[in-house]
Structures are given as structure tokens and as C-alpha cells.
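There are structures below to look over.
In the two complexes below, subunit A is the common chain; its partner is subunit B in one and subunit C in the other.
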Partner chain A sequence: MLEFKKDGWKAAIALGPTLLLLSVFTFYPIINAVLMAFKQDYVFLSGTYNGIGFGNFVTILSDPKFLDALKNTSIMVFISVPLTIILSLLLAVALNSVKKLRGFFQTVFFLPYVTNTIALGLVFNVVFHKDYGLFNSVFGLELVDWLGSGTTYWRAMFVLMVYTIWNGLAFKIIVLLSGLQSIDKQYYQAASVDGANRKRVFGKITVPLLSPMILYVTITSFIGAFKVYTSVIALFGKGAGQTGAYGPDNMLITVVGYIYEKLWASGTPFGVAAAGSIILFIIILLITLVQFWISKKRVHY
Partner chain B sequence: MDRELYFDEQQLKKFKAYTIVTKIFTYTFLIILALFIIIPFYWMIATSLKTTAEVISQNISFFPRELTFASYAAVFERAPLFTMYMNTILVGFFTTSLTIVSVIFAAFAFSRLKFKGREVIFSILLMTMMIPGEVFVITNYMTVNTLGWIRVPEGAPLHEIIGNYAAMILPFVGSIFYTFFLRQTFRQIPNELYLAAKVDGLGDFKYLFKVMVPIAKSTIITITILSMIGTWNAYIWPSLVTSSSNSALWLVSNGLNEVFRSTIELSGPNSVLNQQMAGSALVTLPLLVVFFLLKDYIMKGVSRSGIKG
Partner chain C sequence: MKEFLKKFKKKNEVSEETDTLEQTKNAAPEPQEVVKTGEAPIVHESIELRLDNLTKEFVQKSKAITVAVKNFSVTIPAGKLIGLLGPSGCGKSTTLYMVAGLHKPTGGNIYFGEEDVTNLPPEKRGIGLVFQNYALYPHMSVKQNIMFPLENMKVPKEEALKRAQFMAELVHIGDLMDRKPNQLSGGQQQRVAIARALVKMPRVLLLDEPLSNLDARLRLQTREEIKRIQRETGITTIFVTHDQEEAMSISDEIVVMNNGLKQQMDHPQTVYDEPINEFVAKFLGNPPINIIDGKIENKKLLVNSNHIEDVDFSDQDVHIGLRPEFFVIDPEGVIEAEIEIVEHIGRDTMLICKLEELNETFRAIIPASRGLNIGQKIRFSYSKLFVFNKETGERLI
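Moving on, here comes the complex of A and B:
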């Protein structure tokens, strides 16, 4: 037990219930996930397993489905995240430079933040409908199947990216915009006295001074993109554990999707799911560390 | 300083033309992206108001030719919408109010009380913020399963139903992120206030509720709103712990997904695309109404806390 100094009993009252809940639903699950990941053939109901080892990691890393999930997630991450960040940076700068209608545009761009991922996924499902969809009709495409059984990998991936970009802009714009507004106006005045042009001002003042915000948005976007799951379910309009929940032949299964699949699979291979979640954590940790390492040279605090 | 002083007439003209071109360019960019954001919303509403015949007709209509609310009536019959709303509000209310209480006390302990192990406990909490939720979900699923709180069937006894609600609420009550967020606000309160309160004979907990909570009101409101939005959006956990065949325990997200999945026809004369859109609209609109009522709070809150939805 902890030995408390002078406010000990008060701290116990104030923190006790929260720490109890966190122990049950956060701390213990983390420890248990690590343990389960190393227990071979772990059966949840009886609690039995065949020794400790890397069996689950071997299983998962040689499962073509998991490798697919890794591939899909990486494509999502490395194409859609940079696109969204560049787009939201341009939008934030544009919003910051206009006076008229700024409030209106700001509200419009924020809307996706306050919507339901499933509901809007169903809307995108209709917009990209093969027979009656708006997208096919606007672009004059005859019966191109985007999300149905006749889709191709890149078509389905395209819709998923459009949806995640649509969904993710709001948060990034608002964080970047608040960063822009906190930049001291004196820098810009000094630049205009020196006769610097807009490109130079953007490259030498705006981006460096905004870099902590850009770093923050980049890290959260990478983490968010590695955890894509609900949008996929929403776009294909099926429930988890159903065939076709991640598109035809589960072509768009993601890492998180793979982990949840294991909770529905027969025999509930929780050990494999736990190994998957540990791998996800390691990936996220590595990406964050790399970004911090890069930022050491480039971010100005 | 006056700009004109340095420019001759020609330069000034050039400068003005340049400004106008940039303005046009900026607004065009903003308008195109605003359309990109708005069109899905518009298409949702437009489709939901069309007749089925119009939805499946060969030439697509951008504006409904004939407005009908039939799809909305059909969705109310197809889906237990009132139950879904009530469940979401109930789960959201309990999650949020318990979270607020827990967060206020925890943030108070970490910002004002002195006790052994404070820094250690706080660093452990910060470290767990790095770990993705998927790592806990597996064990949490096992825990609520062992407690018998999971996928309670229709017509189960009351204590099992309460258990199923508890499974949707309790894992989200202890929030490290919100604790950290509120602690930041609490730490900005000047120490002099605390000393003055001590002189006046105010106890620690009285000081918390009489002084600190009122000062941190806007942070607490932000946490409340974000937590409610979180429940309204929650899909993964509710769909794991509730039974897909027991509609009495559906929240809006998983209920909507259950109702409009593979079992229904999406093309041909029995297509229900307009109903699907009416369902989406009925789930989206309440949140949008709340947003427009509390717009400033929500937008400021999100930019201040930097929480990803």
C-alpha cells in the first residue's frame, strides 16, 4: 500500500474510486493483454494454455489475412494522412486569410466532427451506389461498382480514403486554425516591412511557428488512421463478424478489424487477438518515436 | 505605416490586382471544399425525401421532384428509434455524469493534494495514454462476459439488463485524458485563493466545490459535451457487448447498422435507399441540433483540448 503524507486520506477518497475503475478496465487489461499474447493456445473459459512462447506472434505474422490487414492499413495511413494534413493546412491558412464568411466556412468544415460515423458511412454507401449513386451520375460513369460485390480493391480503397478524409478534416482544421491565430502578428508586420512575398512568409514564418501544431495533428492522424475500423464497417453496411463486413472477400480488413474478428471467431482465439493488439501498439509507438525524432530537427517550440 | 508612401501608382495597381486574384483563388478553394463537405449531408436529406420510384429511376434528380416523408415513417416502423435514442441518452448521461465526478476528484488530487506517490501514479497514468484502446478491449470483453453482462437476450430479468447497461458505461468512466485536461485548468488557479480559503476555514473539498469547480466551469462543460458526443458515436463497444437480436438494448450507431445491413434490398423496386438515408438523418440530426445550440463551446472546446473524435 502507498504511504500517504499529510493529505493521504483525502487523496484516498478522491482518487480511490477512479483508480479502482482504472485498475479493472485499464491497468489489468494492459497487463493481461501482454500475458495472453505469450500464452499459447489460450482458452478463455477454462483459462488453460500450453506454455509460454511466441506462438501467437508466429501465428499472426504468418496469417495472410493479418498481412493483408497490415498492407491495407499502411496504404490508408501513408496516402490519406499526408493528403489530409496538406489539405487541412491549406484550408486553415485560407480560412485565416479571409474575413468575410469565415465563421460560415469554419462551421461547415466542422460539421463532420459532430456526425455519426455509421450514419455518414451509410450516406457514402448511397453516394457511391452502383445503380443510383450521385458519384457515378455526376462523373458520367456507367454502373461502376464501388462498394458492392463487383468492386475492385482500389475502387473500394478510394471510397474509404475519400470518407476518412471527409471525416478527418474538421479536427485538423480547427487545431491548425487555432494555432495560426495564436501566431504573433508582429512577425508578419516585420516580414512585410522587409518586403517578403507570400511564399516566403508561409515557408519561413507560418510553417515553422505552426510546427508544434502540425506535429500534434500528424501524430494523432497517424494513430487514428492505424485504428481505422468503424468507417469500413459503415461503408459496407454489414455488422462485425458477418461475411462482407470489410468488403467482398474482406478485402479492406484492417489491423483493428482483424483483432475484433478474433473475438467472434470460433474458439475465440483471444491470445492471437492480444498479440495483434500488442503489434498495433508497437507500430504506433515506433511511428510516434520516429516523428518525435524528426521533429527534434524541425519543430520550433 | 502607410503602404502608399512607398508605391507609385502603377505598383499600387499591380498590388491591388494581385490581392484580388489571391482573394478569388482563396474563396474558390474554400467553396469547392465546402461543397465536398456539404454534399453528403445534402444527398442524405434529398434522398430521404424522395419516393422509391424516383430513387431508382434512370436519370438521377439532384432535387427531389416530389417531397415525401414516407421513408421517415417507414424507418420508425422498421427500427425501434425511440428505444435507441433513449438508450443512447441513458448510457451517455450515466457515463458523462460519473466521468465528471471521477475526473473532478482525480484532477483535484493531482493538482492540489500532497501525498506520497503522487508523481509516480501520475506518470503511470500518462504512460497508459499512449496505449491504444484495442489493447484493453479484449480483456474488458472477457471481464464483462465473466460478469454475465454481455449480450443479454430479450426478456431477461432486470438485474441482467442493468448489467448490460453497466457494461456499456463503466469501462469509460475513469478517463485519464479528461483528468489530465482538467488538471491543467486547476493548476492555473492561483495559490493565493487556496491560502485565503484556508484562512477562512474552508476545508479542501469545500474549496474544491466552492472555488475550483466554478472557475473551471468551461472546461467541465467541454468535457461533458465531448463525452456525450463520444457516446452518440460509440459503435465498436456497444456492438460487441449487446446482442444484435435484442433491439431493446441498441444504441443509435449499432442499431442503425443492424437495421440497414445485408438482409435488406438495396436495388430494384424494393430498394430502401431512401429509408437508409432517413435513418441516417434521424441519427445525425439530434447531434447537429445540439451542435448549433452550443456551437461556440464545442468548437472552442475541441481546439483547446485537441481531442480527436
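Moving on, here comes the complex of A and C:
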């Protein structure tokens, strides 16, 4: 402690730039957003407002479009996240067991991660095109509209999920693969001597020993998925004959999308968007807490 | 605990008949037979373990071939504990892993009794293996660790619990069942590893340097423990170690290995007393054997032109091996030396002496005696000596 005091100025120099940047771009906006959420009829430019209260929250929670956004986001999160995690776990285990071409496969799975989201959206637009799409021709479906104005809610949701899952695999596979490679080979030898079949080795050795990594991936995926926005824009925004940036009639609007819309909608005070982001923050916080609570019993460090 | 053991032994005796019956029924007997009524698990009839011309080559990245084990043949009698002894990298662990089925031999065969297990995977062999660092599953409690092999064999839960508890008591960790491995001391972890290896009643128990992670006192204690458990269960056991004292104290017979080749297999004392070559003579014994350059000329064994004794061999350069305890102080002796260091070690006195003219030192252990001073000239005779060919290391005398 004494040494720390003596070197206080060194610490200040080291931390200073980061703290300054964080203050300007993170701490101040967070605090301001919280304040804004409670200010009624807040006007951004003049800074005037009309009392403090829960008015913005009442407005937003009674808006059917927000509840729609919440529903869309929740469906996305609770279906796509478990699926990506299971898929990436299986793929990581598979990759870990091949010796030849492992580098090649790793690159293939990692490519989406480093590719521009918008470009991927274009690719999906081509793949799921009604008339010339690869998907329709491979599965022998005749002129099914996935992304255009003729799509249905679940069709559009299906494409969005395929896109999200595939796009999210890369990072998770890399994390899980590195976790797998750090498991001592001797446990597998011991399990083999102990007569465990593959299924039991996976369930009783691999998954428990990988559980810290799985927890990490799960939490980051849930947080990332709740913030889903760009993928919807990449798939539906500005597409041919589109009636909205979030799919036909904005049917796939997400919470972040809703917040963004509210920010620029004329006649809507800024406080409404801020309240939306506070609600999103609370949801993510609660889900993360639940995950930590579960992990206390299930994760073996 | 004693009651447990009595029951255990009784069951064991009774079981032999039924087991033999079952073995004749099935060509490949499953090692995991369980007595439906029993409080205690049953040991199979001890089996003989035979390694026939076992060879293991590793192909390296540069395509160079390393031969880890060469034409290794050994027959281990049923129910015996064999110490596999050799320096690091001599192929002893590789041999053990081949017996376990974790390494596939390049050539040769492994027999458990009459059964050829060379191509069986580890889980079908009925072996128990204790790893050097135990490889206990860190996320499972002691109980879960010990029960894991039984669960894999689909032993009913209650039966598995009983057997796990019994094994835990046998290795004296019955009260630690709910701990995690990281809450145990090294010695306790080692016992858990042994219990896990034994609980499925393996036909062969393999121990890979199981004591190397323990402190000196615990090592001594555990080594006796292993011997006791092995006797009580009667499982044919291979114990790999580089520690000669450990191997000699625990084993019914020891196999000395070097460079992937079997050097000698015999009772520990016989190997010590009658080493077959210079390597074995040097590897066993602490303090080590003294090796002195010499030669045979005209049927005379000479050290630096001093005539030691008459021998019946042709002329050649030799190494003369004298264990420290072979020296006897004798005013008429043929070896003349100057005392450099005197160490009193209680029962004995160790002398480090310099050979006259040869500029070489050797160690002698003699019964405790006083009145020996540094710098003093002294003469020794010897109770015994070994003579090895200098080139091949082969023992002549």
C-alpha cells in the first residue's frame, strides 16, 4: 500500500488516458442516459425538461411497438443463443479431434467473423432470393419469399436466426477450441482406462472441464444477442421492394432498433429512447445474474 | 475395517471357483463381474501377464524413427508385483502404456493369461492405471472419482456405492469421500487414484511412478501401503519407477530396462548381487558401485600394472566393479589408497579414498570405526568383485 501511495502519480499517468476516454465516451453517457430516462419531455438541444418521473417508462411500456420489439428480441435470443452454443461446442469438439486440415477448417469457420456484416447480409439476400436463391433451389422450394415483401414473420425470423447463428459461431468455436486444447490429455487417457464411452467422456469430462469457457461464451452471447440490430438491417434494410428497415412493416424490429427509431422520431422526447435502453440494461443484468447464480452450481473452475 | 477385509478375503476364496466357471463360459471374460449379494467386491483369479517381443517405434515429425522399446519380452507371474526400473527415457512408461492399451505396439503381443489383448482398447482390457500425477477428475468428488469406472460399467448405483466405500476404506480415505481432489494432500490424492484403479477389480494394476510426487516420509509409508493393498487383492501389478530403492523394496521381482531393452529380470537381491552387465551394476546400489579401469593380460587381472588376481579370460580392457561394501581393511590387501574423506554415518563409516597412482577416487563402506584419518595410507582387500568388458559392458566375473 505504501508503495502504491508513493507511486500514485505513476499510476495516475498510466491510468489517466484510459480513464479520460472512458469518462467521456462511457461513464458520462451512461449517467446521462439514466438521468434522461427520468426527465419528462426532455429537449436535447436546449436541455430543458418538465419535471422528473416515470412518464417515459409508462409511455414506452404501453407502446405495442416496443412490446413487439421485446418479443422479437426475446425469440431471437432464447432460440438462437442456445443453438449457437450447442452447435459451436459440437463443432469445436469435432475440430479438436481432426488432425489434418484443422487449420483450414478453423479458417473457414472464422471467416464470417472478420467479414463485413453488410456484405454477409448481401450474400444472404442472394442465397434466400425468391427467384434465383440458392436456398430455394437446393431444397426444391418454389418461389418462396424469405426476405422480400411476401415473406411471413416466421420465415423472416428463420433467415435472421440462420444468419445470427452462423455469424456467431466463429468466435465461440475459437474460444471453446482453445478451452478444449487446454484440457489435460491425461484426463482422457484416464477416462479411457476407466471404460467411459464417447458419450460419457463428452458429458462427464469434456463439458464439465470446459464449463468456465461455456459460461463465458453463454454470457457474452446473451448480451450480444439482446443487442441485435445490425443483422436485421443487413438482411432487410434497403432490400428490393422493402417497406421498412426491419423487414416488411418493420415486423422484425428489435429493442435496439426501437431505441434508435425513437431517438429520431419527431415529437418523441429523448427520454423515451433512454428509458428503452435502461429497460434493456436491466433485462441483460438480470439474465446475467441468473447465469452466474446457475453457474455457481454447475461450473467447475 | 478388519471385518471388511475378512469378508473380502472370504469372498475372494469362494469366488475363485465361480470365476473359473465363468471364464470357461466366455472366451473373453469380462473383468467386471460383481457379486449380487456382496458387501465386498470380488477379485478375479490372478492372471499371468506376458509381454512377447514388444516393440514400440515413434515416428517423429522429421520422419526419423525413435525406438522406445525393443523386443521386450517378460512373463510376470500371476499375483506378483513387478518393479519396472530404469533411467528416464528408457521406455518403461511406454511399456506400461502399451500394457494399458494407450499406446499401440509397433510389434509383438501382450497376453493377459491366455487372452491376447494386443489389439483391445484400454476399456476392454480390465486394467487399472495410476498415473504419475494421478489424473483425478478435478470436478468430481472423491466418491464420484472412485465410482466413475463402475458407472461406466453400468453397475447398479447402490452396489457401486458399496464398492467405492469399501475401496476407500481399503486405502484409508473412507472419511474423505465428499472432498474434491484439490482439497486433498498428495498422499490422499494418490490413494484416491489407487482406489479408482482398483474399484473395478482390474486383472492387472499398472502404476506409473506413483510415488514421485510425494515427500520422502509419505513415499516410504505409501510404498508399504501399495504392497499391502497388492497382497490383499492379489492383482498382478507392474510398478514403474526410476528409483532403485523403491523398486527393490516393493517388488517381488524387478525388471531393469535401458534404451528400450530389457537388461535383467530377477529377485531384487539377486539383481543387486549378480548384475548381468555394467549398466545394471551401476544403476543399482546407493552409494553407487565403484568402477575402476583395468585390463586382462596373460590371464592376469591388472589395475595399472598391479596384479589383482588370476582370471581365465583372453586379453582385453575391462572395468572392475567394486560395491562400497565389498572393501575390507586388510594390511595385506592388494588395493592401496589414501583416505581423502571420512564420513561417519552411524552404523557404518564411509571412506572416500584415492587410488595410488591412478588419480581416481572410490567409496568404501566399512563397519563403524574410529582412528582413520584424512591423508592416511590404507590397504584394502575385497570380499568380491565384478569384471565387465570395457566395450560391451558384459559381465565376465
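In this section, the second predicted complex is superposed on the first by the 280 of 301 C-alpha atoms of A that agree within 3 Å, B and C clash if a C-alpha of one lies under 4 Å from a C-alpha of the other, contacts with A are read in each partner's own complex, and residues count from 1 in each chain.
By our rule, a residue touches a chain if its C-beta (ideal position, glycine included) is under 8 Å from a C-beta of that chain, and two chains touch if they have at least 3 such contacts.
All figures in this text were calculated on a predicted structure; none of them were measured in a lab.
Participant: Could you look at A:132 and tell me whether it touches subunit B, subunit C, both or neither (first, second, both, neither)?
Facilitator: After superposition on chain A, A:132 lies in contact with subunit B alone.
Participant: State whether A:171 touches subunit B only (first), subunit C only (second), both chains, or neither.
Facilitator: first
Participant: Touching A:118, do we find subunit B (first), subunit C (second), both, or neither?
Facilitator: first
Participant: Determine, under the contact definition given at the top, whether A:281 touches first (subunit B), second (subunit C), both, or neither.
Facilitator: first
Participant: So, A:210: does it touch subunit B (first), subunit C (second), both, or neither?
Facilitator: Touch partners of A:210: none, neither subunit B nor subunit C.
Participant: I want to verify the contact counts: of subunit B and subunit C, which reaches more residues of subunit A?
Facilitator: Between subunit B and subunit C, the winner on subunit A residue contacts is B.
Participant: After the superposition on A, what does A:184 contact: first (subunit B), second (subunit C), both or neither?
Facilitator: A:184 contacts subunit C only, not subunit B.
Participant: For A:196, decide between first (touching subunit B), second (touching subunit C), both and neither.
Facilitator: Touch status of A:196: second partner only.
Participant: Going by the contact rule set out at the top, does A:10 touch subunit B (first), subunit C (second), both, or neither?
Facilitator: first
Participant: If you lay the two complexes on top of each other, which residues of subunit A touch subunit B in one and subunit C in the other?
Facilitator: 193
Participant: Spell out the part of subunit C that touches subunit A in their complex, as residue ranges.
Facilitator: 100-102, 121-123, 127-129, 131, 133, 135, 137-140, 148-149, 151-153, 196-197, 200
Participant: Give every residue of subunit A touching subunit C within the complex, in rising order.
Facilitator: 184, 186-187, 189-197, 200, 204-205, 208-209, 211, 300
Participant: Can you name the residues of subunit B that touch subunit A in the complex?
Facilitator: Per the touch definition, subunit B meets subunit A at residues 1, 22-23, 26-27, 29-30, 33-34, 36-41, 43-44, 47, 55-56, 60, 102-103, 105-106, 108-109, 113-118, 121, 124-125, 128, 130-143, 145, 170-171, 173-174, 176, 179, 204-205, 229, 232-233, 235-236, 239-240, 244, 252-254, 256-258, 260-262, 266-267, 271, 273, 276-277, 279-281, 283-284, 287-288, 290-291, 295, 298-299, 302-304, 306, 308-309.
Participant: Once bound in the complex, which stretches of subunit A touch subunit B?
Facilitator: For subunit A paired with subunit B, touching residues are 2-8, 10-11, 13-15, 17-19, 21-22, 24-30, 32-33, 36, 44, 87, 90-91, 94-95, 97-98, 101, 105-120, 122-127, 129-132, 134, 137, 166, 169-171, 174-175, 177-178, 193, 198, 216, 220, 223-224, 226-227, 229-230, 233-234, 237-240, 242, 244, 256, 259-260, 263, 270, 273-274, 276-278, 280-281, 284-285, 288.
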